[in-house]
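Chain IDs A, B, C and D follow the sequence of writing; residue 1 opens each chain.
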Amino acid sequence: MSRRARLLVFLVGGAAVAALFAIAFLDMPHFGRSDHLYRDLAVPAAVRHATANVVSSVNFDQRAVDTFGEETILIASVVGTAALLRPAREETERRIPDTGRTLGATRLVGYLMLPVSLVIGLDVILHGHVTPGGGFQGGVVLATGLHLLYVSGSYPALDRLRPLELFDIGDGLGAATFAAVGLAGIAFAGSFLANMVSFGTFGALFSAGTVPILNVAVGLEVFAGIVAILAKFLDQDITVVKEGSE
Amino acid sequence: MNVYAYFVAGWLLLAGGYGIVRSRHMVHAIVSLAVSQAGTYVLLLAVGYQSNVTAPVFGSTEKPTKQVVDPVVQAMTLTDIVVSATVTALLLALAVQVNKRQGTLDPDELVALEG
Amino acid sequence: MTALLVLSLTLVGVAGTAVVATSRPERQVVTYSLFGLTLGVLFLALQAPDVALSQIAVGAAVMPMMILLTVRTMQKDLKQRREKDDS
Amino acid sequence: MTAQAAGHLLPLLVAAPILVACLLVAVGRRLPRLVVDVLATGTALGVTGVAALLLVVTDPGRTVSWFGGWTPVHRLSVGIPFVADSVSAGIALLVGGLMSCALLYCWRYFDSVEGHFHALMLFFLAGMEGFALSGDVFDMFVFFEVMSAAAYALTGFKVEDESAVEGGLNFGIVNSLGAYLSLTGIGILYARVGQLGLPQLGDALSHKPPDALVVAAFVLIVTGFLVKAAMVPFHFWLADAHAVAPAPVCVLFSGAMVELGLYGTARVFWVVFGETIPLDDIRRTFLILGALTAVLGAVMCFTQRHLKRLLAYSTISHVGLFMIGFACLDPDGTAGAALYVLGHAGVKGALFMIVGVLLDRYGSVDEHHLFGRAKGQRLMAVLFFASALGLAGLPPFGTALGKSLIEDATLVHGFDWGPVLFVLVSAVTAGAVLRAGLRIYFGLGPEPAADDADKTKGEEEPDTPRLQRVPFTMIVPIVVLVLGGLAAGVVPHGGQAVAHAAERLIDGKGYIDQALTNAPPSALHPEPKADWTTLGVLLGVLSTLLAFGFAALGLWAQKLPRPVQVVSVVFRPVMRGLHHLHSGHVGDYVAWLFVGVAVLAGLVGIPLR
């Protein structure tokens, strides 16, 4: 279709969908209302399992299967990205020499920020069942922190800190731990992904049963997975070249 | 004002669709898709919101008796964000390869699949 | 509905439109990370700190980085292609 | 086996392939190729076995498992159930079986890149199993995305192939947008009900009037599923994705993934919306969509010369026929659709694999380029023509039994055009396949001109290094699939078992009560028909004969007398327009997607006002 015809088709369809949205939205309960059935069930359920962060309780206990699926999407995408961004037949990877071109100060910031983001990331993961955060958020913070090294201009330093095979292992291990905890639930508590460890005291670091264990597993998987994905994009930008062009 | 948040969500969904339809660059189309998906975040969180109550996180000091907003939509949105990031990664990876093979990412010039 | 909510919802709508209206991907990196930040603020206003944290980490850091790297790879590939055509 | 032990089988179907895939991700690059093959194929076979066991212990009732022990209290729960009835367990078995065949087919012959291909296949398997078994609407969305993410990567897996990566991109954008519309529908429904489990949702909506919110939620939720099911006008991505994905992946796409979209629609309709939206309304809507899809797919199929595109359009056309079976909204039509899906999965899977063999051996999937080149390939020719006849609906293939059941069901509802449509559509699609086979294996008809003016593009890179002879590991799965397609029609009492399964699927209230209160399943019809009828057999033979007629027409069209050729003067511009519509342009596809939502909303909503 021509650009004009395409726009016309979209405008017809889009206008009708907009109308559909409008009549549905006007029928919906108002924004800010106070009756939330699922909330009224989920909060007491979280309290029963001594999980102070109710969102974590929903994610890793009440609706843990959703998160299991979500982590599967993540690892499948990591593998998919790696497969799609592999050097094609006519390409090779070259090695980047450490030229030391970047300014010392920028590089210093990168090195200094690394431990800071490591501490923040780990804290977010380990307290995910008590305060806002969790395995996913902490894992992303860790992965981003590592890539500050790239932003500050030291790709070779990043490359040294990032033995990619180890990250593949971490990724697989994190996701496998989630599955294994789920299957252990069948063996020891009678249902898949059952929260079976002793719950501990509400609000304490050691509480919420399996929630923190799953948080750590997800943290490992997300950290390793995001690093692996970004590494593949970085490789495309920096190291993958057509044969003969170098 | 009671439904403003829902309409912002609907707007984002449609705007993203418009972006893909008018797109001149596949990366632009992929980012527009992510805008569409952001519409679903806004819708879900708006559905679970309650005025004048706090987040569903009690922390280590608070008693779990106060009223909170719906935690379930927040859990759903978290999943949704992960889906968005990972699907975008896959699509961008495909776009990188399309560009390598065909030397363009303008949908009007990509002709490997007509018929 | 508080003024903060109205304001952040409007900002999200405007920023999202801006992302779609930015036709060049290399500029979209900027508008998209701004959009990610406005979403993060909105989620805080909606009492969703967990979601806001993820959104800021993903929407304002990881996704823009992937888009940026994709754009740079494309520019590199196009340059190589042009050099090859010239020679 | 106790009900609780049977419940444990459900998560195993999802968790086991994920565990093995994680192992492949972690250490796949260090494992010898043979170990990767054995692990992956073994896992798929194991899943198939567990699914078979599940089917046996479930039949004829349901197996329910609330994860995390969150069993419902007062018909409400915070947890997620997996629910198997004979249909979902049967799909779990079908998916496992197809995946086993596909993985065996790639044994040692497909460059797996450090085990990545096998890991992706296993994630894909887990996603499909989870989607089939899940009893929670948001969880269905999650597993929908699991299978999608793996599917996008598998489609573009051959990165050296320009069209492969582009096909993957179109597929990804259109399907993702569909999924986000589904999620919008889920959000809208959640605002009303405050639950996400299918049984709780159905419980809350039952016997309420279908107001605007309910209709909008239904339309949006099924949009994502119908995109997967490639209903017109959501179908554009399918031909692109099938044309470029590796052959063993196409087996899964055509045989199971597309059908899962239809299954999702049926499941959500019967459990959640079955007692609010009037049946007549839904029946009319889906009959129209199904018939349109069947006809458009058949026409596009007949005019292809790229073999994988040809088979892809045939799949679109057949999904339209399955949709008509579901749209009868009765046990017979549903049972017919289920049998048809089984038979189709076998023969279509076999055809994709045979085309894969042609590609590996001759480096082309173009019908004209392959003219006469496979003469003397006796075994492959036999398997090819057996599958083509199965596609035509020749008794006793499962396709023929399914087709005949749906034909009966359409007549019961007073749609006299039903049998005519079925015979014609299956004859045209099978005719296209037969025409290609007669050209390739026998060199029949005039040799097509070598010009590539009307050549449709798609995959051209072979899956493997050129084959000198077809290895045993490729022949076995093809034979198994053809026999499977046959078995669906000849297993004694198979039809009745499927009819009972269909009765369970459409019993939404029974699903709700059993999931929420552990109520025993209701009694089934003691003597379901679901068997061969004389009329059905005759119509099956007729469509096969007509298929040969269409094949001959395709081969010798130029030799027809002039007056008859005038027809093509009218026909040709229409065809050119249709081909032009299938442009490979993602913007077009998205524009049509919105039109599709609008049409769906109009068909469902306007008569209810």
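Quick note on the criterion: contacts are C-beta pairs under 8 Å (C-beta built on N, C-alpha and C of every residue); 3 or more make two chains touch, one makes a residue touch a chain.
These figures come from a predicted structure and were not determined experimentally.
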*Sort out for me whether A-D or B-D is joined by the greater number of C-beta contact pairs.*
A-D
*Would you kindly tell me how far, in whole Å, the mean C-alpha position of subunit D lies from that of subunit B?*
28
*Whole-Å separation of chain centres (CA-atom averages), subunit A against subunit D*: 31
_subunit C-subunit D separation of Cα centroids, rounded to whole Å_ = 36
*asked:* On a C-alpha centroid basis, what's the spacing between subunit A and subunit C, in Å?
replied: 17
*Numbers and ranges of subunit B residues touching at least 2 other chains*: 1-2, 4-5, 13, 16-18, 21-23, 39, 46-47, 49, 51, 55-57, 68-69, 72, 74, 76, 78-79, 82-83, 86-87, 89-90, 92-97, 100, 108
_Where in subunit A do residues touch at least two different other chains?_
6-7, 10, 14, 17, 21, 25-26, 28, 31-32, 36, 38-39, 42, 53, 55, 58, 63, 66, 69-70, 73, 76-78, 80-81, 84, 88, 132, 136, 229, 233, 236
*So which stretches of subunit C touch two or more other chains?*
1, 49-50, 54, 58, 62, 66, 70, 73
*asked:* Can you work out from the touch definition every pair of chains that touches here?
replied: A-B, A-C, A-D, B-C, B-D
*What residues on subunit B touch subunit D, complex-wise?*
9, 13, 16-17, 20-23, 26, 29-30, 33, 36-37, 39-40, 43-44, 47, 72-73, 76, 79-80, 83, 86-87, 90-91, 93-95, 97-98, 101-102, 107-108, 110-115
_List of subunit C residues in touch with subunit A within their complex_ = 1, 49-50, 53-54, 57-58, 61-62, 65-66, 69-70, 72-73, 76, 80, 83-84
_subunit A residues touching subunit C - in the complex, by the definition given at the top_ = 31-32, 53, 55-56, 124, 132-134, 136-137, 140-141, 143-144, 147, 226, 229-230, 233-234, 236-237, 241-242, 245
*Mind listing the subunit A positions that touch subunit B in their complex?*
3, 6-7, 10, 14, 17-18, 21-22, 25-26, 28, 30-34, 36, 38-39, 42-43, 46-47, 52-55, 57-59, 63, 66-67, 69-70, 73-74, 76-78, 80-81, 84-85, 88, 130-132, 136, 202-204, 229, 232-233, 236
_List the residues on subunit D that touch subunit B in their complex, please._
138, 142, 145, 148-149, 152-153, 156, 159-163, 165-170, 172-173, 176-177, 180-181, 183-184, 187-188, 190-191, 196, 240, 243-244, 304, 306, 309, 456-458, 579, 582-587, 590-591, 593-594
